[in-house]
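The following blocks contain the structures, represented as structure tokens.
Below are two complexes that have subunit A in common, paired first with subunit B and then with subunit C.
Up next, the complex of A and B:
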């Protein structure tokens, strides 16, 4: 069971994620879209989308920090007050995101226009995210100071997976909400390329630096202009 | 000098009869697919009116176009960072209700209804949800409703009028209106391109057509809000933005766009305009909105000027394009005669579709519920000419639409149109040209030859004179990468991917 969830699943998920994502971006670029439904409904989207997105983005950045600079997180948490501050804001963001997510789920299920353009995968993604946020919040509430033990257990585990020297035994003794959170992440990773989640990879940071106007020339005309 | 070519369309509003043939031709060609039912890449709105989508000219709400910040331009919609911050929710995006919810009728019910005493009905259903719908709005919902309190009163351009003139006009607008056909303006300084976070929208260098790369579009939908003309639409089915493509597949094969080709009133002209891309920034940042039309005209180059021709050749334009530029009806209307003006130049996108402002019906007043001519019958031409400011469509209203508030530009255009009309009436009724008519021409700043040319191009043009489409020589650009013969044999083969929503 342990090997299945924390050894087979991660590698299957990562393989799917990489292979299918690459295939989809290369061969099916038309399908890559955030599939916004703001045109159809905007009030509830406002109350759902903004809290959910900003909450999740900030939390994910927190997780990433713990993965990349665990020492820094431990150093920060060495003072109890700072530790409480970190945990408190993390939990608050998660709660904010969860509320937004539930609004989005409610919106998708109840607004006739949005329902009309929803696919099964849209609901799968929303439900998986609910599980993820709920298990994360549970962990934060019941197994206090994750920012400290994350560096001791999760960071080595994730790096062991990424460096192809898997140590699934690290997670054997973890409580089940934590195990659920980890397994849920890999399930999300596995479905990622099959869903609208691919829009995360298209975050258009290039917009900050590109010129305002874009002019495209046909090949021959471009060659002529270059020769000039 | 950085010479580029632009395919431009001229709309002669005096000739538009508001039949919507253009809209239907466009819809049948391009937007009869699921998710595009509500889109009208070409639409015809009744003026005064609020247009489509409702109130599109109100940039305080929709935040389209550019605004001056000091002597630089910035998008009214967002800064670069602000654009990224608004990815999750775009406050200025219109909703479907600002257009209308597309609907159809359950015609099948007419055949399958059980026998009974009542006539079976075809119930209206939404094309989006399939549920029965209470129809509140639809395509051309305000067609010909210019006298109504709902639509005409909401026209922002009326705010430019003095209260007194406005009151008079609202009395008179029960008997006067005009039509405004609109497509994408394929601007020189497009704000949709600038607003797209993914960089999916671009302007074609060769002919200036603005297109959305659907493979790069990620549905951030900034373009919809940023276009001040609301001519970029969001396909709710595929999750991609779509817009007028100026029928480029037709242009590339030497045909006029479907809207122009199908025009019953033959109000549309199509031709090449050469412009200097280096002068765009200066022209778009003219301080006074009233100077914007002149600034834009100065960017458009004379295709007969040897210097321009040399620069155009150096820029890769071949003789076919130069010849088309010299025969272009767009150049005649916009530069030679100066009677075609861009729609709402104050949006500073430098729209490249131009309008000949309409001559409204003869000057009249309302007395005791009766519309009366206020001009003496004798010498009526000269009298109408003198009283352009008394026209039923106030000059200031037209100025608000077409010249950034510059009334003199509108007067100049109307005087020319009136002078040509006076000349031709004199010629056909009296068989001669008298000094009075020549005087009108002179006041309008028209030579007899120009007046004759204007008359011929307005009333008697052949298809080839209306639409001067340059040879695109697509095969040449294919040559760069493929063997044309091999390409001919292969075209049409390969796997077809339908436009599927999401994964």
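Up next, the complex of A and C:
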């Protein structure tokens, strides 16, 4: 079971993620989108999408930090109050994101216009994310301090997977909510290329490094306004 | 039956930390009690509980090299008896007959050596303040193991409590057989979760001595303040939920700043009024 969840699943998920994402970008480039439904419904989207996206992005950055600079995270946690601040902020963001996600789920299921453009996979993604946020929040609250032991256990585990020297045994004794959270991540990675999650890759980071542009209007705006 | 329940409670309290909740033990260090033939000898069981037992010893063909402290001082004769009865009948152990109350048939256990009085090796004197720094993570373990505080709490380390993945270690010094036992436990770390991580990142002897000194200090401080028996949950009101319950509504309140900009769109107005232009005043 351990080998299945934390050895076979990760590599199957990574393979699917890479292969199908490349295929989709090459063969179906115009489907790489989340197919926004903002035109169809905006109010509930505001209270769902913004909390969900900001919460999840910040939390993922936290996970990434622990993956890249585990020693820094452990240094931060050496003072318990700092651990509480970090974990408490993470929990607040997680609950914010989770409530936002439930708003999104409610909106998609109840608004007839949004429901009409929804696919089965949209619901699958939403439900998987509910499981992921709930198990993560539960882990943070019940198995403190996640930030610290992530650096000690999860960072070596994830690097062992990425460097092809897998050590799934690192997770064998973990409590089930934690195992659910880790396996859930790999499931999300596996369905990534088949769903609206691909829109993550369209983050326009290119704007940060592209050459600047001058925008030239044909008429000056102020003059236009005066004339009116 | 009431007696067996008492035995089960005693087991959870004193034995389960090492021998595990299901009596499965921990490979290499703490022998299993479920299906352990040595439990056939009631006198031997009582003797081990009272006087402790140090390895190496053989159980079921496997070798265990741990150190169990004597519990004779903490448990009364009746408690030792009910604990022994419980061990010999729990987890499918069929050693306790109907007359198990009074030290019955003693079958010598060939597989287990008799309880040897544990001869403590001269313990290197540890520095409790260094131990504290190692525990919290201020000082790194030389072989790269994560700090104790990642998963464990100690009373008064923080007013909010500490790590909760592992057990509260305030009185681990007493629970794990004081210096000798604790050294053994930390030398070959075999607890669930820890065994995987620490196998490749063992603690050095000096680090172990420092940690033992620190945990001795926390235990005696807890005794001095009369909090040794305190339920760890007393310190463990889960502040995480409070953070989340306060923080998430605040973050939602923050969204109100942008809400007025989410005014009615042209398409919404069109659907509502049937015309594109702004409604006439």
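Following the convention adopted for this analysis, the second predicted complex is superposed on the first by the 207 of 228 C-alpha atoms of A that agree within 3 Å, B and C clash if a C-alpha of one lies under 4 Å from a C-alpha of the other, contacts with A are read in each partner's own complex, and residues count from 1 in each chain.
The rule we apply is simple: a contact is a pair of C-beta atoms (placed from the backbone, for glycine too) under 8 Å apart; a residue touches a chain by one contact, two chains touch by 3 or more.
Since the structure is predicted, the reported quantities are computational estimates derived from the model, not experimental observations.
Peer 1: Contacts for A:75 in the overlay, against subunit B (first) and subunit C (second): which applies, first, second, both or neither?
Peer 2: After superposing on A, A:75 lies in contact with subunit C but is clear of subunit B.
Peer 1: Per the contact definition in the header, classify A:127: touching subunit B only (first), subunit C only (second), both, or neither.
Peer 2: Touch status of A:127: no partner.
Peer 1: Quick one: classify A:88 as touching subunit B (first), subunit C (second), both or neither.
Peer 2: Second partner only, subunit C.
Peer 1: Determine, under the contact definition given at the top, whether A:50 touches first (subunit B), second (subunit C), both, or neither.
Peer 2: In the superposition, A:50 touches subunit B and subunit C alike.
Peer 1: Which partner chains sit in contact with A:198 here, subunit B, subunit C, both or neither? Use first/second/both/neither.
Peer 2: first
Peer 1: Looking at A:162 after the superposition, I want to know if it touches subunit B, subunit C, both of them or none. Which is it: first, second, both, neither?
Peer 2: In the superposed model, A:162 contacts neither subunit B nor subunit C.
Peer 1: Is A:33 touching anything from subunit B or subunit C once the two structures are fitted on A? First, second, both or neither.
Peer 2: A:33 sits against subunit B, while subunit C stays out of touch.
Peer 1: Now for A:19: first (subunit B), second (subunit C), both, or neither, which partner does it touch?
Peer 2: neither
Peer 1: On the A-aligned overlay, A:3 touches which partner chain: subunit B = first, subunit C = second, or both, or neither?
Peer 2: Once the two structures are laid over each other on A, A:3 reaches no partner at all.
Peer 1: Of all the subunit A residues, which ones make contact with subunit B and with subunit C?
Peer 2: Common to the two interfaces on subunit A: residues 39, 42, 46, 50.
Peer 1: Which residues of subunit A touch subunit C once you look at their complex with the stated criterion?
Peer 2: On the subunit A side, the touching residues are 39, 42-43, 46-47, 50-51, 55, 71, 74-75, 77-81, 83-84, 87-89, 91-96, 99, 137, 140-145, 148-149, 151-153, 156, 167, 169-175.
Peer 1: Touching residues of subunit A toward subunit B in the complex: what are they?
Peer 2: Residue positions touching the partner: 24, 28-42, 45-46, 49-50, 53-54, 112-113, 115-117, 119, 121-122, 193-196, 198-199, 202, 204-208, 210, 212-225, 228.
Peer 1: Help me check something: in the complex, which residues belonging to subunit C touch subunit A?
Peer 2: 136-138, 140, 145-147, 149-151, 157-158, 160-165, 192-193, 195-197, 238-248, 250-252, 255, 258-259, 262, 265, 267-268
Peer 1: Going by the contact rule set out above, which residues of subunit B touch subunit A in the complex?
Peer 2: Contact set of subunit B toward subunit A: 80-81, 83-84, 87-90, 93-96, 128-131, 189-190, 193-194, 196-199, 201-206, 214-221, 224, 234, 236-240, 314-316, 476-477, 479-481, 497, 499-503.
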